[in-house]
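Letters A, B, C, D, E and F mark the chains in the order given here, with residues in each chain numbered from 1 onward.
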Amino acid sequence: MTDFFIIKTIALKLGSNKKQYLDLLLADSTGEITAKKWDVADTELPSVNEIKDGDIVKIKAQVTQWNGLRQLRVLKIRKKAANDPVEMVDLIKAAPERPEDMYHYIYARAEAMTDVDLKAICLRLLTENKERLMYYPAAQKNHHAQLAGLLYHVKRMLMNGERMCQVYTNLNADLVAAGVILHDIEKLNEIDSNELGISTGYSFEGQLLGHLVQGIKTIEKIADEIGMPREKATMLEHMILTHHYEPEYGSPKKPMFPEAEILHYLDIIDARMFDMEDALQGVQPGEFSDRVWTLDNRKVYKPSEI
Amino acid sequence: MTDFFIIKTIALKLGSNKKQYLDLLLADSTGEITAKKWDVADTELPSVNEIKDGDIVKIKAQVTQWNGLRQLRVLKIRKKAANDPVEMVDLIKAAPERPEDMYHYIYARAEAMTDVDLKAICLRLLTENKERLMYYPAAQKNHHAQLAGLLYHVKRMLMNGERMCQVYTNLNADLVAAGVILHDIEKLNEIDSNELGISTGYSFEGQLLGHLVQGIKTIEKIADEIGMPREKATMLEHMILTHHYEPEYGSPKKPMFPEAEILHYLDIIDARMFDMEDALQGVQPGEFSDRVWTLDNRKVYKPSEI
Amino acid sequence: MTDFFIIKTIALKLGSNKKQYLDLLLADSTGEITAKKWDVADTELPSVNEIKDGDIVKIKAQVTQWNGLRQLRVLKIRKKAANDPVEMVDLIKAAPERPEDMYHYIYARAEAMTDVDLKAICLRLLTENKERLMYYPAAQKNHHAQLAGLLYHVKRMLMNGERMCQVYTNLNADLVAAGVILHDIEKLNEIDSNELGISTGYSFEGQLLGHLVQGIKTIEKIADEIGMPREKATMLEHMILTHHYEPEYGSPKKPMFPEAEILHYLDIIDARMFDMEDALQGVQPGEFSDRVWTLDNRKVYKPSEI
Amino acid sequence: MTDFFIIKTIALKLGSNKKQYLDLLLADSTGEITAKKWDVADTELPSVNEIKDGDIVKIKAQVTQWNGLRQLRVLKIRKKAANDPVEMVDLIKAAPERPEDMYHYIYARAEAMTDVDLKAICLRLLTENKERLMYYPAAQKNHHAQLAGLLYHVKRMLMNGERMCQVYTNLNADLVAAGVILHDIEKLNEIDSNELGISTGYSFEGQLLGHLVQGIKTIEKIADEIGMPREKATMLEHMILTHHYEPEYGSPKKPMFPEAEILHYLDIIDARMFDMEDALQGVQPGEFSDRVWTLDNRKVYKPSEI
Amino acid sequence: MTDFFIIKTIALKLGSNKKQYLDLLLADSTGEITAKKWDVADTELPSVNEIKDGDIVKIKAQVTQWNGLRQLRVLKIRKKAANDPVEMVDLIKAAPERPEDMYHYIYARAEAMTDVDLKAICLRLLTENKERLMYYPAAQKNHHAQLAGLLYHVKRMLMNGERMCQVYTNLNADLVAAGVILHDIEKLNEIDSNELGISTGYSFEGQLLGHLVQGIKTIEKIADEIGMPREKATMLEHMILTHHYEPEYGSPKKPMFPEAEILHYLDIIDARMFDMEDALQGVQPGEFSDRVWTLDNRKVYKPSEI
Amino acid sequence: MTDFFIIKTIALKLGSNKKQYLDLLLADSTGEITAKKWDVADTELPSVNEIKDGDIVKIKAQVTQWNGLRQLRVLKIRKKAANDPVEMVDLIKAAPERPEDMYHYIYARAEAMTDVDLKAICLRLLTENKERLMYYPAAQKNHHAQLAGLLYHVKRMLMNGERMCQVYTNLNADLVAAGVILHDIEKLNEIDSNELGISTGYSFEGQLLGHLVQGIKTIEKIADEIGMPREKATMLEHMILTHHYEPEYGSPKKPMFPEAEILHYLDIIDARMFDMEDALQGVQPGEFSDRVWTLDNRKVYKPSEI
């Protein structure tokens, strides 16, 4: 096989047979795979040394087994040339819609709000963070860990929230929408991400406080600046604080009004639907997926007849 | 004050002052209240003895306090006369829509199914149980413990489920709808209810097995009779089995496909929205409700400005 | 017996014998007791109606038993006269040291800090809140629910923290002291208290966010104003966030540096020592106290020989 | 050493030294061991390719260490020849009694029942499932994962149950015996097993419902057919439903009559005695076994003097 | 009605109508009931004052209702006269067998042991504690809280243990029997009991250490004196330490050999059978008992047809 | 690099390339590292075979990477010669103070007690166990697993306890000190240790009972011998029993007097301070440590500016 991959990690190591080999972790839009290039000759070193994490490479390889897992035995490897018919965006996991379209959908919903305070804070944070929203994932490893995954998560929650307000008509639709738009906004500062939507870890403040507390601080600051009434600001902060719902998931309080309660369910439903769709990719009808850690180690079933 | 009430319980007791008194629990559509009629004379006994649990009575009384709770001191009490301008339906807690309309909505959804097996089982169970569905509550004490509460619960879940299938388009809408229609159908045999939608306890089989296991047995029997494919029947049974989601709430398995996962969230959202709306009845803007047991003892807040 | 008490609650009620009686909850510095004044004549009503919650009254009464608990049968009751030899401060639960002395101790510790940022924020918050600190309790019901209980709690934690830094010399003593001074400062805005140090409930923001999140917002605001370095501000906020240690007690993160870890233990030790001393008041040597709810229903033992 | 083994898994792999090797998992009646045959020549491939999972092979090998675990370095390997003095039954884990004898014991107990309904359902299910009972294990991995392990489990529970009814004379002995015979009968349909009593996984219905729910459906169906009174059928179903006792182990209800309670303890005692005996095999007096996962990671002690 | 009762508690109190009344808690072999004697005249006081807790009294009374519970309205009360045809033993809850017979059964089992060490420690502790064993209950409130309840508990466990050793033949029958005989022996020093088998509370050492730790200290002391080998003594101590099985029930370790494991199950089975039999006393066929606290608030069912 | 190490384990193994290699686990005072010496020639075997676990060796090696962990590729290895400038004490993890000094500090505190009973039992156990205290670690793997770690743990707890008694003046300082000195004394018999303070496992009695129960037995025995009053002995035993505080950590009771409560906190604080200091060794300012298992997998932060 011959194909293009992104280099997740690359290292030159010394084998127990005293020969150098390349130890690689490769990725494309369908997932990751480990690879080895055995017996790297000294003459190959100059070209090998040019390959860095994040580069695109072209590889010729055989598929082998190691410890029950697929692995590539690399025969040839070189960096992508300028005229190779592949772009970064083809190789990474990405949300299934265009970032601009999703951003536009969300921005339009904020603009349509009748509550001027909620509208002001949403528009401001969407505008200030537009650049990073175009690529940020919603998580380092779990659901929506993909290019623009955060936008995709927010957009589908917004869609679902709109409809729920049609059924449960006592809900304040602007408050629900504002909660959705702001609930994870500080993931932008909790996790670090490169422009491929690949998280490279947690920030200092992210580790010490987390995006719930960071979000509350941000809302407080902006609410002060735009003169949002205290009750409204506190309710928004409460929605951020409670959207993980359980203390062991980071919410020290439980929702105390219906819009906060709904925000939690919009969030968890979107995560679960994402994880189940993801798990079923490539599963044959009538078969189960592998166990999925984020689904409490459940297997997911794809029906055959129904 | 003079008003009509339903008798929930009535008992003639002997006070520590050696005088007879009536100990009453009264109800109307807004809730329940205890009442005492002190010093019942022997001459009153014939008319008092005619009053039974479930009767409608007219009462003249003063509102007093006992141990911090409101109580009625009854001055006069008599059974509703034929020409009194009150009907049972005026005094009980009831779903806010007409049972016939809700039943029709649900039946129409089942009829619109394209999956013939799911359609067949839903229509059959709706038809067979139509009479009791007109009044059954969805619970003995918790959410939707009201006349036709079960229908109301199913109808709003159906409405919400339809909309969710528009957002999460990979879901099989007929399977979601069938799960909603069948998930609590065996509450009809788990709890006992009179025709006012007031549950009078649990049945023998309800106590030993519960409506999840009872529902599975019912589906199995009908699936056999109508020749539903095994995979489909088992998936429906799995949806019933898992809709409480956590082992400690009665589900020994967790959902293993997206429609079963969604069924759980449709159920819990409808229960929570009901409980929160219920808790906020009569709460002033800017105030909190009392603590609500079914909401983990949370208070619910009614905003003032927003 | 004849004695002075504070009125916690007073209500005129109608007994089952159709006579009016006064239902009272009284308090002095040793605790609370219920009381009844039976058969209140109409002629007594004018003077009785003048007595309000929080008033000091003089009472003549007999001690009786009701349901195994002591109760007072009130014979006479009147409001404190101007020349009665009793002051509010004699009747309420209060910290065993003078508020001014405790405040001075704490202020002096802050002034002695070598870290200018920590010193600035501590001095500022102590100064701004001095008036309320003079009487605020540390809780509504649990440990240090007493006049100036918050100051007493902070002072003893400071004393203990100073000494611990002598043993664990790697600790930054200023950071520990700042954490102690600030950890509960927002109890001033989480709970409401009158000037007797009696909490009358939780504030709106207190219920929706809690003093941990409120504290973080306050630190963030002041840190911005005084230009505290971000790392230091975040570490202080982390100390506030983690000092309850367990998610189910309100801390979504666990301490990530030694000073935050120590802050938690200083807090819990002071609470436990307070509760145990409190439980042992009036217990005879060789006997156990009643069960104490805040100590997981433990009884506390007072030794006889040792 | 030279010996016979069953092939659990066999795979031809390419080593990092570019040579082919065989990666094997072997088993005999004492347990399992991994094995490697290095440097497989192309001339060996025809005979190697004939060896399949489940075959018996003769092996000449050296015992080596890898990562602290014993491993075989295979020198020679060939399939069992027709005249080799070994049978499958000699190499697999099997219950210590003859399946026919155990079946006969259980069948006789059912035949001796005085309750005609319980007798009828037990005899019918024993008869219908006789063929598979002869080899089915009681589990995929845990206790009684051995040839005819299910029969052995049921037989010892029956023996223990009989005796317990002598001590606790209020128990209905037929009901206890019927509960024992039926409690795991649907393991036959929950797990898949080959005729060696080696489970190869879970069935579709086993994964979605589990043997408790499957057992209830089976009892319901037969109870209908034989006209068993509803109370008796429901009690049997309740016994199946509750025999795992805790929600997190699959029982959403707890036993509500003494025979159901006893069934649980008969089950757990038999499992624990099996696991402890199993753990102590090969342990020297005065020594502990390894940690046993199914015993909450306990070590088991074999006494030296007692 | 006229009947004999034991006085559990007696108190003379002043009612809200300013009259004296007697507040009584009475008991006979079927349970307890509260009682009031209203309007006690001063002339009755001399005879009333002679009645003490634990006395037998003859009572004439009417059965009334109070708060949904039965209560006696006492018309006449006097102490049992010498010639009244009733004995203490007729009025208290007692094990259903004669203490002497149960003691003899247990003693005989100890004497039959072939292990001289186990025999020696059992005989010694049975002999030394014979007097108190004749009446001690096994608990203050839970199972076997009855005259000689401890003997009854041990005897039935011994019977069950003997039979279990016939099924699980790898068990050391003497070790199981010794564990049974010794496992609760220090309840004699953990709880206080009068000679009616009514526990009056916990001892000082019982509260600070508990009968598990107390039992280990006793075994250690006697083992030293009789020269029991260390391994055997430690194993016995381990059996005592682990027989409650779960940390939250007082066992910091789990059983590490089969005899310790079985001891736990013998104990819990005997407790559960006792509690279920107890709960079913007086329940009609086809009905459920009240909820039972020691059975996790389960109701227990008495079948009608089976 | 060339350096001295202790051999933790050494094994000669056969590689998949059929050549012998040495598999080593080495340690010095900063931690442990794995090492390989490839291609061991037969001529090297005599000198290699002389090297045993616990020996000091001199090694010449290159640092390599394996699976993300540092490893040594050994070029030369030989046993320490008599004149090599290194002693065992230089290479092992050890408490930062001299054992004699720590022992002296503790002994002096015991000698200064005014309570003669507490003084007697402390001095006796310190004297009897002096030899082993000089090197025993406080644990096999967790905090204070180092030479004389037990003494260091006790000494710092004593220092902290002294100071806490100055703040909480109701505490009996001798009782606190005695609790500290005795709380872990039976770790000497629960775990086995060589004279380097390296634990080699748990003793038989340690596994079956644990150092809490062992400690109680020891106190009971000595209390008997020296005639300590029962109350005092029982209180000491209670302190030992409760110092782990939670059932799941081995304490079946919670502290019932203030000195027992404080003992727990002195213990846990010293453990946590040790673990955090340990985790921060080698961490750069502004960085986090690795996750630490004994700190619930927290990372620990070393500040940069503060």
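We take it that a contact is a pair of C-beta atoms (placed from the backbone, for glycine too) under 8 Å apart; a residue touches a chain by one contact, two chains touch by 3 or more.
As the structure is a computational prediction, the values presented were derived from the model and not from experiment.
Between chain A and chain C, the least number of touch steps comes to 1. Two copies of one sequence, chain D and chain F, touch each other mainly through non-matching residues, since under half of the numbers at the interface are common to both. Of the two interfaces, A-B and C-E, the higher number of touching C-beta pairs belongs to A-B. Put simply, the chain farthest from chain E by mean CA position is A. Centroid to centroid, with C-alpha atoms defining each point, chain B and chain E lie 44 Å apart. Look at where the CA atoms of chain D average out and do the same for chain E: the two points lie 41 Å apart.
Chain B and chain F have Cα centroids separated by 61 Å.
In chain F, the residues that touch at least two other chains are 17, 204, 207-208, 231, 235, 256, 286, 288, 299, 301. Working note: touching chain pairs come out as A-B, A-C, A-D, A-F, B-C, B-D, B-E, C-E, C-F, D-E, D-F, E-F. Of all residues in chain A, only 115, 156, 159-160, 163-164, 166-168, 170, 172, 175, 229, 231-232, 235, 254-258, 261-262, 265, 268-269, 272-273, 276-277, 286, 288, 295-296, 298-306 touch chain B in the complex they form.
Across the interface of their complex, chain F is touched by residues 15, 17, 36, 38, 64-65, 73, 286, 288, 299, 301 of chain D. Residues of chain F that touch chain D in their complex: 11, 13-14, 16-18, 204, 207-208. Only residues 204-205, 207-210, 212-213, 216-217, 220-221, 230-231, 234-235, 237-238, 241, 247-248, 250-253, 256 of chain A touch chain C when the two sit together in their complex.
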